[in-house]
Amino acid sequence: MKKIKKEKFYSKLNDLIGEYRVYAPKGDRIGEIRNSTDIEVQTLLTRLSAKSVFLPQNEELFRWDKDKKIKIKTSEKKTILFGIRPCDASAIAALDPTFDTKEFPDTYYKSRRTNTIIISVGCNEPEETCFCSSFNSGPFDDSHSDVLLMENSTEFIGVGKEEILDLFGFEEGDGKKEFEKIKDSAEKKVQEISLSGIKEKLDSVKDTSFFKDISNKCINCGACTFLCPTCYCFDIEDLNRVDGGKRVRNWDSCMFKIYTCETSGNNPRKEEELRMRQRIMHKFNYYPLLYDVFGCVGCGRCVLYCPVNFDIRSAIKKLGD
Amino acid sequence: MYKEFEPKIAAFLCNWCSYAGADLAGVSRLQYPPYTRVIRIPCSGRINPFYIIRALYEGLDGVWVSGCHPGDCHYQTGNYYARRRFALIKNLLEFIGVEKERVQFSWVSASEGGKFSEVAKLVSEDIKKIGPAQKMIREKRVND
Amino acid sequence: MIDKIRKEAKRILEEGIVSVVIGFEKGSIPLKSTPVFIDDPKETEKLIWDKFCENNIATYIRRFKGTKVGIVANGCCSRAIVTLIVEAQFKREDVYIIGVPCEGMYDRRMMLRDSKTEKNADEKYLYTNCKYCAHRNPVIYDFIARDKIQEKTSQFPDIEQMQELPLEERWKHFNDEVSKCIRCYACREACPMCYCEVCFVDVNNPKWLEGIAQESDVAFWNLGRAFHLAGRCVDCGACERACPMEIKILNLTRKLNKDVKELYDFEAGVDIKGKPALGEFRFDDKEEFIR
């Protein structure tokens, strides 16, 4: 197994800043860093997930000026995404089928997504709310990252693409035993909920009373959708300016009451239980039906930050009964 | 050549008193600085405090709201309700760090042409002293 | 005390006085209690009351139109109920209030950061508005779960301290806080008094503010919401506790509560027969700031 001293890794990372855009945890969100000293890890998972790198909260689609000339804004620089967790990496892999399709690729997402190196860091101490193992994943899952690192006090032990490990200067070392030990203990801490037959179970729910029971306390605040690494609903807004204007794409939430409000005033999802049903069906029924992957990665942010402690794990368990 | 700062001040004037007062100031040829842009409203009670926040959001350097004296409101009680709203919005804006001279209020009656031009002078001087607005302004141009 | 709450909840369900009791049960993550809706008398054993019942459950009453609901309410929750009754959202007969004198809620996020448990946390962890709460006893109730506790006078040392700071520092404090805002509107949904069919941010005509994360827009949103609660906010803190980015929203709402108290001697939700502060006036209201 290859390893590297942390100072050496960060020094190489600093060298690459400039040629690459480097994103890393900065407190409560993933942001662009100018130097490795900008990296700030406050909690295991950043509040705002890595989806904001590829699907920013406010993205300018194009702008126009008084002469009606339209300029489309995309970014073409190479990117390194460092310091995210394996669940964040799985989430990006889950977003790809929606935005990076063959027939209708999303120009903006695609321009950020291609030429991106994902270096994720495994979770030595998963949170109580983590349940990533329910999705064929785990705290040291490397299937969706270019390189997965295990962090100890002085070094990074890495697995993954050889050319990237060589780029940073990883060298052969005796990290395998330590890696396996931490991996085992971390995997034991993660809760695994059973998802077998969940699609069929959801298909068989005939009326909304099940969803009404569980969604009574949901206040439809939208915090879960904004922090969720796989939620991607958006709203388009045209902004007028003195010398022209621009069209932007902003995050939206299916949990907002007016999300499905139509121009006529009709709102097909006016009641809370219908919005909760939509959220659960989308993540565990519609998405796997379309793309063979769940719309949830088990990061647990929604459980941790929900003001009224709506727990999707309990909802899934209840469905099993 | 250094250009003198010419503030943009939104003046919300109630139709029955302050606007008439401004009219009288004009007819009497009383001089006051040209920085106030008048918006005529039926009553000071019509002022939604969001108009004041919105004016600062658009980048105006100052907001001046003027109505009838308490007891003289054309609609009897409009300015009484407005008085409470004004006190609260002024305190809130000052609390968050907006200069207290940016948002000003006055009672000017239809016969007080002189007071109108005086207050216009004072408000303009205050705003000139504190300089252009720099906080909470939305993006003006798309090609900056 | 908890036994009394459970017993009374069971009684009103069994006797058909109410169709559902809204209260708190133990949450699924550490140091958290979660709202629960009980319609089966046998399940009233789930009800609890501890230092983590931090949401304001008066928001849920309006979902049960046409039926009488029971609610386990402390001081700020009962004040919210009174404010909603004053604003004609429902009638006094539509609620059965099981009153709970409350000594405050602990800041669970601070406790988790300091690795405290319920046993070894002390009063240092009380939320700011709980520390200075002047209405710890429910202001109206149909049943009270224990003897009333002593009330403190209303005070705002946290706001007074902020008012002393120079102008630019106040702006920096405010701007640093609101720039964290991600416009998720959790604060709005958590607040019992935010029940507008169409919130001002969603109104298209006039379009008050934009959806992008500019300094001007997040400032407008937070200021605007605080102002719409002037004279209506009961200082329950549900907004700040719901915020996923931990913005200190209470700095704005408490400032307005302080002004309303000092200028107009009014506190929301205390007088069920009163009128909202901005819905009335007095001839001698202060106007020294008006030229």
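A few notes on this one:
So that you can tell them apart, the chains are marked A, B and C in the order they are listed, and the count of residues begins at 1 in each.
Keep in mind that, in the parts below, contacts are C-beta pairs under 8 Å (C-beta built on N, C-alpha and C of every residue); 3 or more make two chains touch, one makes a residue touch a chain.
Since the model is a prediction, treat every value here as computed from it, not as a measurement.
Chains that count as touching both subunit A and subunit C, per the definition above, are B.
Set side by side, the interfaces A-B and B-C show unequal numbers of C-beta pairs in contact, with more at B-C. Rounded to whole angstrom, the centroid-to-centroid distance between subunit A and subunit C, based on C-alpha atoms, equals 32 Å.
Mean C-alpha positions place subunit A and subunit B at a centre distance of 48 Å.
Subunit B and subunit C, compared by their mean Cα positions, are separated by 34 Å.
Each of residues 210 in subunit C touches at least two other chains. Shown for subunit B are the residues that touch two or more other chains, namely 139.
Counting partners per residue, subunit A has no residue that reaches two or more other chains. Of all residues in subunit A, those touching subunit C in their complex are 28, 47-48, 57-58, 128-129, 216-217, 219-223, 225-227, 235, 237, 239, 248, 250-251, 253, 256, 258, 272, 303-305, 307-311, 313-314.
By the touch criterion given at the top, residues 159, 162-163, 167-175, 200, 208-210, 214-217, 219-220, 223-224, 226-227, 230, 252, 255-256, 259-260, 263-264, 277-279, 281, 283, 285-287, 289-291 of subunit C touch subunit B in their complex.
By the touch criterion given at the top, residues 63, 65, 241-246 of subunit A touch subunit B in their complex.
Those residues of subunit B whose C-beta lies close enough to touch subunit C in the complex are 49-50, 53-54, 57, 70-71, 77, 80-81, 83-93, 95-99, 104-107, 119, 122, 135-139. The touching residues of subunit C, counted against subunit A in their complex, run 27-30, 32-37, 55, 59-60, 63, 180, 182, 184-190, 198, 202, 210-213, 238, 241-242, 244-245.
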